[in-house]
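Given below, in the form of structure tokens, are the structures.
Next, two complexes with chain A in common: one pairs it with chain B, the other with chain C.
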Partner chain A sequence: MENLLLWVFLVALGFFFGRLAESRHYRSIVRREKEWLHLPTTTSKHPIGDAGDMPPIARSRLAHGSVVVSIDYFKRMLAALRSLVGGAVQSHETLLDRARREAILRLKESCPDADQIINLRLETSSISNGSESSIGSVEVIAYGTALYFERKQ
Partner chain B sequence: MFMTNIESVPGKTILTCHGVVSGSTVRAKHVGRDIMAGLKNIVGGELKGYTELLEESRNHAIERMQAQARQMGANAIVNVRFSTSSVAAGAAEIYVYGTAVTVG
Partner chain C sequence: MNYQPSLPEHNDNVSHQHPLREFLFLLAGLAACALAVFWALGLAVDVVADHVSPEIETQINRAVSLRLVAKESFAPRQEAMLQALTDELKQCAGVSQPIQIHMRQATEANAAALPGGHVIVHSGLLDKVASRNGLAFVLAHELAHFKHRDHLRALGRNVLLIALSAALSGAHSDVTQLLVPVNLAGYAQYSQQREEAADREALRTVACLFGHAGGATEFLEAMRATEDRSSTPAHYFASHPRTELRITALNSAIRDLRLPVKPAQPLDKGQ
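Let's look at the complex of A and B:
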């Protein structure tokens, strides 16, 4: 009986605070993504733009950003229920989406003066909590080459 | 030390190639951090302690890779790749590898 009460309490806690945290996180992601629109990011190995009128590249460096995000208790329960019938596990989809967007934003924030970021790569790994085999928390690293163009004097 | 994850260093030419260099670290989680992370697992959200821990170990792995490249006489590492894997419960391996080259 006590176990059941504890479980209900944890699920309720996860439901309310998890929702709150997720919507707050999404708001912050959307706001920062708008702020960083001036820094073009591409997965291609060459800078974007017309090669003719592009200024020469002054320097480049490796930049990376990472984040570890975990799922709340309520969504973990939903995912467990979902695995009984199969289909898209939406609670995990939003978790990974948040983690990837956050990692890319951190990558951009780590090189604020760069003109472009090229060859963006994303790497995801799940950090298991030992006993559980299911996804508890995921780590996402975003990395790429930051290019700095020569400034016209 | 120049580092990029493309095949060249923009604005420079590769003179010699020294071969693959790599650096890795295996880090265990801190007990205090683990308790905090356990609590955070209920409500969800970012696990700041882990983010910092992995960031720290990644920098450590990069330093090891750079030391190896320096020993070979290289001044740049191109095509750098990162990878993370959890080897055991409570420990994660961070692996960084790339190609050591001399640019001029």
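Let's look at the complex of A and C:
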């Protein structure tokens, strides 16, 4: 009986704070994505734009941004229930979506003066909380090459 | 190639269904499945319990019963009085196996039937009953558990609970935490049914012995006077039905069976 009450409490706690954290995070992501829209970012290995119009590249450097987000108790339970019957694990979709977008934003924020980010890559890894069967949190790392053009004097 | 910075119009990477809906849907479905499995296997246990031969029942009881240490009784006269009353009840109760009464010094008014023909009676019980009939009802209730083979049924269901939770915890421990309480609620519901059946049987037994049903509800009424009336959800997990409901059920059974109610005999507590 106590176990059940504790479980209901944890699920309610996870649901309430998880939703709160998620909606705050999404608001922040949407705002910052607009802010950083001016920085061209591509998965291509070559700079964007016509070679003739482009100023020479002064320097380049490796840029990266990574984020670790944890799953809440409600999402964990929902995923556990889902794992019994199969199907899309919707509870993890928003978690990973936020992580990917946050990692790219952090990458951009790490090189505010760059003119372009090229060769953008994303990698995801799970950090399990001791037990092998459950995913505690996920890390998403975004990395790419930041290009700095020569400034006209 | 022209680069046009833009944000996606909508997010297609996430589902927009409310997660609570999915959660409740899955939870209700799985809880219903777990209860159905437990219920169906429980019925199988009942069938087995009804058909087990007395020899096998004795063997099972011997395997699971506690080794009660024979020690000097602290109230030998009271114990002898309880034993005599139990022996008188046995024929009416339809119990042929030997039943042994063990008194324990405890203030909580309670009695319990243990596999192997042992009945534990707390000394506090004698403070709650004033009549022979009231005491006989409590003892007859415990005898009914032996007659109904409730120990076998409870044992079978507990084995089921453990097996089911072990099977589930192998798959996912988080889900076990969730489905075991659901099955415990199912088990409590079943246990309450068995208690009701034992109450009805006890009523028949005392009516057979004394020729009337007077004093049958005495103990339960004394318990009702002291118990906490607040209604909590914990009731759904309790092994016994609420005292209030047990008394009502007994009174309506007395009416239905047209049992005469006469004054109860005072109890010689042997003190």
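In this text, the second predicted complex is superposed on the first by the 152 of 153 C-alpha atoms of A that agree within 3 Å, B and C clash if a C-alpha of one lies under 4 Å from a C-alpha of the other, contacts with A are read in each partner's own complex, and residues count from 1 in each chain.
What we mean here is this: contacts are C-beta pairs under 8 Å (C-beta built on N, C-alpha and C of every residue); 3 or more make two chains touch, one makes a residue touch a chain.
Since this is a predicted model, take the numbers as computed values, not measurements.
Undergrad: Considering only touches as defined above, state whether A:Glu139 meets chain B (first), chain C (second), both or neither.
TA: It touches chain B, and chain C stays clear.
Undergrad: Counting only touches as set out at the top, which of chain B and chain C does A:Ser83 meet: first, second, both, neither?
TA: Touch status of A:Ser83: second partner only.
Undergrad: Quick one: classify A:Val68 as touching chain B (first), chain C (second), both or neither.
TA: It touches chain B, and chain C stays clear.
Undergrad: More residues of chain A are touched by which chain, chain B or chain C?
TA: Per-residue touch count on chain A favours B.
Undergrad: Classify the contacts of A:Thr94 with the two partner chains as first (chain B alone), second (chain C alone), both, or neither.
TA: The answer is second: A:Thr94 touches chain C but not chain B.
Undergrad: Looking at the overlay, does A:His38 come into contact with chain B only (first), chain C only (second), both, or neither?
TA: second
Undergrad: Would you sort A:Ile104 into first (chain B), second (chain C), both or neither based on which partner it touches?
TA: neither
Undergrad: Show which residues of chain A both chain B and chain C reach, each in its own complex.
TA: Residues 75, 131, which sit in both footprints.
Undergrad: Help me check something: in the complex, which residues belonging to chain C touch chain A?
TA: On the chain C side, the touching residues are 1, 3, 5-7, 11, 13-15, 17, 19-20, 22-23, 26-27, 29-30, 171-175, 177-178, 180-181, 184, 234, 237.
Undergrad: Tell me, which parts of chain A touch chain B in their complex?
TA: Per the touch definition, chain A meets chain B at residues 10, 13-14, 17-18, 21-22, 25, 45, 56-62, 64, 66-73, 75, 95, 102, 118-119, 121, 123, 125-131, 136-137, 139, 141, 143-145, 147.
Undergrad: Please give the residue numbers of chain B that touch chain A in the complex, ascending.
TA: Within the complex, chain B contacts chain A at residues 2-7, 9-11, 37-38, 40-47, 50-51, 54-55, 58, 80-86, 89-90, 92.
Undergrad: Please output the residues of chain A touching chain C within their complex, sorted ascending.
TA: Going by the criterion above, the answer is residues 1, 3-4, 7, 15, 33-34, 37-38, 40, 42, 48-50, 74-78, 80-85, 88, 90-91, 93-94, 97, 131, 133-134.
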